[in-house]
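Chains here go by letter, A, B, C, D and E, matching the order in which they are written, and residues are numbered from 1 within each.
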Amino acid sequence: TDKTGENKQSGGGQANAPAIKADPAPPLPDNAALPAGDGKGKCGKVSIAYIGTIAGASAALGLNILNGVKLAVKEHNDANPGCQVTLKQFDSEGSPDKAPGVVTQAINDKSILGVVGLAFSGESKAVGKAFNDAGLVTVTPSATNPNLAKNGWKTFFRGLGNDAVQAPAVAAFISDELKAKKVCVVQDDSEYGIGLADLVTKSLGSKASCQQKVKTGQKEFSAVVGAIESEKPDAVFYSGYYPEAAPFVQQLRDDGFEGSVVAPDGVRDDEFIKNAGGSAEGVYLSCPCLPSAGFTKFSKDFQALAKRAPSTYSPEGYDATTILLKGLDKGLKTRAEMLNFVKNYQGQGLTKQFKWNSDGELTETPVWMYEVKDGKIVQLKDMTKATS
Amino acid sequence: MSAGVGTQRDPGTVRAPFGQRVRDWWNSRSRAEQWMIAIPVVVLVYLLPMLNVFPLSTEPWTDYELALFNAARLGLIALGLNVVLGQAGLLDLGYVGFFAIGAYVAAIMTSRDSFLHNPHYSWLVVVPVAMAVTMISGVLIGTPTLRLRGDYLAIVTLGFGEMVRLLADNLDPLRGNRGFQDVGRPPGTHADGSPLFTQTDGKPWYWLTVTFIIVILLLIGNLERSRVGRAWVAIREDEDVAELMGIPTFRFKVWAFVMGAAIGGLSGVLYAGQVGFVNNQRFDVVTSILFVAAVVLGGSGNKVGVLLGALVISYLPDRFQLAPQYRFLAFGLALIVLMIFRPQGLLGARQRLLARGRQAYQRLVGAPEPVSADSALTEQGKGGDL
Amino acid sequence: MSDTQPGTQPGSPSGTQPGTPSGTPPDVEGLSAEAREMTEEERAAHFAEVAEAVAPDREIAVGVGDTLLELRDVTLRFGGLTALDEVSFDLRRGEILGLIGPNGAGKTTCFNVMTGVYRPTSGQVRLEGRPLGRLKRHRITRYGIARTFQNIRLFDEMTALENVVVGADARHRTSVVGALCRLPRHWREEREGVDRAMALLEFVGIADRAADRAKNLPYGYQRRLEIARALATEPKILCLDEPAAGFNPAEKDDLMSLIRRIRDDGYTVLLIEHDMRVVMGVTDRIVVLEFGKKIADGTPAEVRDDPAVVAAYLGVPDDGAA
Amino acid sequence: MTYHLALTLAQTESHWIDFNVGLLADRFWSNTVDGLAYGSIYALVAIGYTLVYGVLRLINFAHSEVFVVGAFGAYFTFVALGYEPGPTLASGLVPLIVNLVLAGIVAMIASGVIALILERVAYRPLRRRNAPRLVFLITAIGASFAIQQALLIWRGGNPEPAIRLLRPQAVFEFGTTRITNIQIIVFVASLLLLVVADAFVGRTRLGRGIRAVAQDPDTAALMGVNKERVIMLTFVLGGVLAGAASLFYVMQIPQGVLYNGGFLLGIKAFTAAVLGGIGNLRGALLGGLLLGVVENYGQSLFGGEWRDVVAFVLLIAILMVRPTGILGESLGKARV
Amino acid sequence: MALLEIAGMSVHYGRIEALRDVSLTVEEGEIVTLIGANGAGKTTTMRAVSGLIPLSRGSIKFNGEDITRLRADLRVRRGICQSPEGRGVFPGMTVRENLDMGCYARKDRKGIEADFERVFELFPRLKERISQAGGTLSGGEQQMVAIGRALMARPRLLLLDEPSMGLAPQFIQQIFAIITEINQQGTTVLLVEQNAQQALSRAHRGYVLETGSVTRSSAAGELLADPAVKEAYLGIA
């Protein structure tokens, strides 16, 4: 490949990427449903549950979600004196063998009408059928395995984009906008990373000229970076989450890589920018979500409640809870009513438009590309059209 | 006063440790009396799921019956690991590998996601096959590694345990994180035709596991009081000398490994069946180390002790879930504190190694049991070699 | 003040116990609880049984005097150090052979070569004509060589009785499955093993502490326990590495009589010992090593007068007290 | 150019393992350089394992947390010195050196102190009670859990934002192989520390005390060695080296400051210690470097997902040939 | 004032009482021998004096100072050094390093060098094996190391637990000669020996220990002449 110019920006950044014209910002979703609602909610003694990891190995992710859920419930209860919803927390430790115990417990607790969870795909697979049999509705804020929706479980709803939508958009962006001819796809070992990488690789076709794999928790990437280096691709797509993406991108840039870096929503997080230490500059991020101004308030409130910044899947947890709370506000009393409510729900959330198909997948998932500019994530392009 | 040799054995001012007193009391019973005590205890153990009441219940945090099953399952694992670690003294930090192999065999043989063509083998076939496969893998892993001593073995087994998990991660047919759904369960139905063994009903699982535990307890007890058990302890104490005393040490070490592996495989099958889903999670180093913790906490080498240890490791965290965020912190601290207060484990009694020991000791020293004299001053660094 | 007076051989054949100033009757200590209760005659009968159990198949009559073990030009080097240098000697059935030599002469190493701990750099060890070659250590034990250790090596956490039963297990064949299911052979061997171990403890005189953990026994008991454990493997050859170390003269006398009794029961004994009184007192023949080389081989009297041995080992003749 | 040599091992629909010999050949020297730099961190941490193992025969599972605490120490020093996450770099050579040394000292103190506390609170009571060795292992695990969770509760589960004082720049470059300034600093400083540690343990009186306690604590006491002090010292020494390692780690990978960030590294470091011959300081060095390098080769050859497998296979292969590690253990064992 | 003064000492191993009410004194400049059958508690006494096991009753005074609760290593600094039963050679250290350990509590470089020479003179074998690992030495060689190491400490009170064990006859003679010699140079010696004949003939006084209690104590010569002692410990029926 050709080497152009001596770009010596502080954070690395791509030298040979074509300039991309940013789309105008979409109308901000000021109509986003918020947990507070209209303050007139009426309900009996009802509760919702968060089931997922709270302590244990992957606690960080669980706490991100749980705090989002807590924030939603708090805002709701503060605003609705007539409907005080209890939040019950169940710690599944993120593991398939602990989950059945707590899920059985949640199912037996008749006051629970809806569940936010479970956090991981593995545990979700393990207990999906139990929820289905009990008719207890679940909205997962983070489990991304595409197969989850194909089990025929009536109670399963996924509160975030299916990778199947995101992948073609990303591929289109890489080939049409970045005009990349050689792409390296780097995947982590999570379900999310593997699934997305597969789909992106397929969509890219022959352009995806190299594959690399990394592990969750890995922080040292010299060998991967070296392999990419010797391949000299125009772009790298990192399919995974930000904790690994940050050091990866940094080491990639430090090694002198000058192509474009693209990453999905798992990386679209302020933590990524903080952690990549300048190297995040110019990274393209895809997300099945709209740019949202509602985030500012959310972030502030979240910080106040949890004493730390919102992070991966915090807003998703918040949105999922909001939907369940909306149902409770209506005075729904049974699980069947609740299930029905969620099934037919339609509305804008903080992160996206919520409306589910019969499998429990979101139907209208807008996919936007973002870019890291001056240490901020700014919207770049609406890729929804590109794929439809 | 007898002359020359021998020391006074009056207890003096020092009181015997608790575990010792319990054991002395137990050993001073006759066989019949022991049975009279043991049978009601066993009955009580079987009735536990019915006692879903205040001090015992783990609710509202988690389902009580499933919590019992999980504790029993860990108990089974601890029993298996105890053969390897407690009896033969082989520090196996990769025991989770056998557990994983058991679970995967069950999954491959019964799950619809399996690469086999018609994977619907009956559970009753799965159990022996899984145990056989784990035993074979025990031989395969043991043969190269068991020539190593002490902590070299520890790290190598840890490596092997990790490799089992990494293979599950990396080899496509093993489906990594995607895993296998709908793993087979034992046959049997309720009167109304619904299956007896389900994911959410812990009772049948618990009873099944307890039954396995009792059978294995008896079998392991037989082994312990035999040439085999003695060989294991001898190897644990001094491997060189054991070999010079005519013990084929390598063969017996492999046997210990294989027996442990079989039990690990069995518990893997139970695990896979109850959860109904197997993927690459939960087979990591930390889990493996928790297994070791159960054994050591209970009293390495003591069968009943390790069951207690498993109970502590598995049931207590379920029972006291007051503040989930602090649970593991509390767990870690509890481990430290427990070990400081009971450094020999909860039941740190030594094993009995002779099938007809009672009579022999009666004739030799006029008492049915070893005069234990647990020295408070065992020389450090010697003895109890890993 | 000499230990090297061969003339004094006070050990009486029937295990005299050290008398004590307090004047308690001897014989009681070291006996099992059962034996302590017995009358004299019962006790005599009991010890006849014990002797029977200790040496189940006596082969005293069978060819005493043929070569049982041969070392042929055994050489062993550790790096640059030659610990054994073309050592050759025979051990004949039914004899007590002494192996002596200055510190570091290679005596213990000799044991280590015979029992398979070390492989000779060159040369051969043959038991009843069969070369031991590369046999595994446990096989060698089964072929019939048992030993004790210069630095006591017991199974510390086991009781004395269990230690001895482990030795007896060397002759047992119960398989893992057999033990698991308690097949008849398991029962039979278990009974035999325990009986034999009990007899051996009585035989070496430490039955009173059969139930103590090995590590809690006093040094002298530990030494005797090692002997009992080695005997339990029903060896053809019993190798004792400095068994009298740490014994007082009275105890040494006991030990000497014990060694004689062992031989009388049909075992062949190879004895390493520095105490000349013991060596001269019990051995039939003596091999002397120095710097890994054999420098003498003969009856005690011959060896004692051999100038090379005197120079290398015995030191200046004593001025003869006691 | 890269060319793929794919050996298909499996009969099922998908292949199992690919070999990419070309890539390894291409990247051989780069892999070596990177591996040495990273491996020297392994080595420093491995020393802590080896020392403690030497004295107490204990696999100090909490050593990885000692390391992590050091990383936090370095991080907070950076913060206190006014650095912010993002592209900030130290300006000028002198402030850079001063700040790095400061951070290093704080990290070493933090790690040393936590190691000391660990010894006092967790292990000493056990020694008083003459607990069996395995019990120490469990306590170590308990301590590891507790420290990790305390950090999690305090700092949350996300890594601290990356602060870097120095950006890697190639100092030597031949072909595709670059040796960066950071790599040189890390490698040279680690080597220096290792030599000092080795000299300390091998030459000084206290070092001799450490070895004596390791081999026979009772006799050591009879020679006038203060066992408790020696053990304390060992923990502190191991901790201090882990602290230094944590600074180097944060320099190379600023994103590593995380409550469980030491876990994997700890296991690898312990593997390195065993690889070289446990109880043997030079062995730890050799094991660490070898592991770092071979891991990288393996990753190039088989792909990233096999990195850890390669590490363990290396360990097993070496122990098969040399059952007490490459250099053998130096603990000494009585012969029969 | 006696150099070592043990009063009413009892020691327990767990529940077993190994020593009961043992009182014993060693005057400055003396050689005192402790004899007794296997298991009488001789080694236990030595370990208690060195501080390796705690007393359950009684007290130990050294040079007028109560050291009952003093740590073992500090007792070494006060001038008590022991060559232990079972030798306690550091298996992974070379002969030289092992001897070096003897001077752990010493600072005078010159004296140390001289003492090295002295030890090598006594045991030329050790000089030949100076860089062999302690663990690979033969039993007797290890015993030489243990004794040499204790000598290197130049203690005020030297505790020797069965120094002749495992040594060849010519060395036994030598060891006893050395004991007398260093005693004449001012070192006080407490000696446990099974070779009671030799030990008592070199010692000033002796104690007889039986099942954990002192049953007899008097001048060495008297003990040598005592018929009961003769019968029990000297092997002269």
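General remarks:
We take it that a residue touches a chain if its C-beta (ideal position, glycine included) is under 8 Å from a C-beta of that chain, and two chains touch if they have at least 3 such contacts.
For clarity, every value in this text was computed on a predicted model and none was experimentally measured.
In terms of the stated touch criterion, the partners common to subunit A and subunit B are D, listed by label. Each chain's centre was taken as the mean of its CA atoms, and the one lying most distant from subunit C is A. Inter-chain centre distance (subunit B to subunit E, centres taken as mean C-alpha positions): 47 Å.
Chain centres here are Cα averages; for subunit B and subunit D they lie 32 Å apart. One simple way to say how far apart two chains are is to compare their mean CA positions; for subunit B and subunit C this gives 41 Å.
Each chain gets a centre from the mean of its Cα atoms; for subunit D and subunit E, those two points are 44 Å apart.
The multi-chain contact residues of subunit C, meaning those touching 2 or more other chains, are 18, 20, 22, 117, 149, 151, 153, 216, 218, 220-221. Listed for subunit E are residues 13, 16, 37-40, 136, 210, 232, each touching two or more other chains. Looking at subunit B, residues 1-6, 169, 240-241, 244, 325-326, 328, 373, 375-379, 384 sit in touch with two or more other chains. Those residues of subunit D that touch subunit A in the complex are listed here as 2, 23, 26-27, 30-31, 34-35, 38, 85-87, 149, 152, 156-159, 161-164, 167-168, 176, 178, 180, 252-256, 258, 260-261, 263-264, 295-296, 299-300, 303-305, 307-308. Subunit A meets subunit D in the complex at residues 10-11, 55, 59-61, 63-64, 189, 212-215, 217-220, 222-224, 226-227, 229-231, 243, 246-247, 250-251, 254-256, 271, 273-278, 281, 308, 311, 375.
Touching subunit B in their complex are the following residues of subunit A: 54-57, 59, 63, 88-91, 94-105, 107-109, 120-122, 125-127, 129-130, 145, 147, 151, 189-191, 194. Looking at the complex, you find that subunit B touches subunit D at residues 85, 91, 115, 144-145, 147-149, 151-152, 154-156, 158-160, 162-163, 166-167, 169-173, 240-241, 244, 285, 289, 292-293, 296-297, 300, 325-326, 328-329, 331-336, 339-340, 343-345, 376-381, 384-386.
Those residues of subunit E whose C-beta lies close enough to touch subunit C in the complex are 13, 16, 35, 37-40, 43, 85-87, 125, 129, 132, 136-141, 143-144, 162, 165-173, 194-198, 201, 208, 210, 215-216, 228-229, 231-237.
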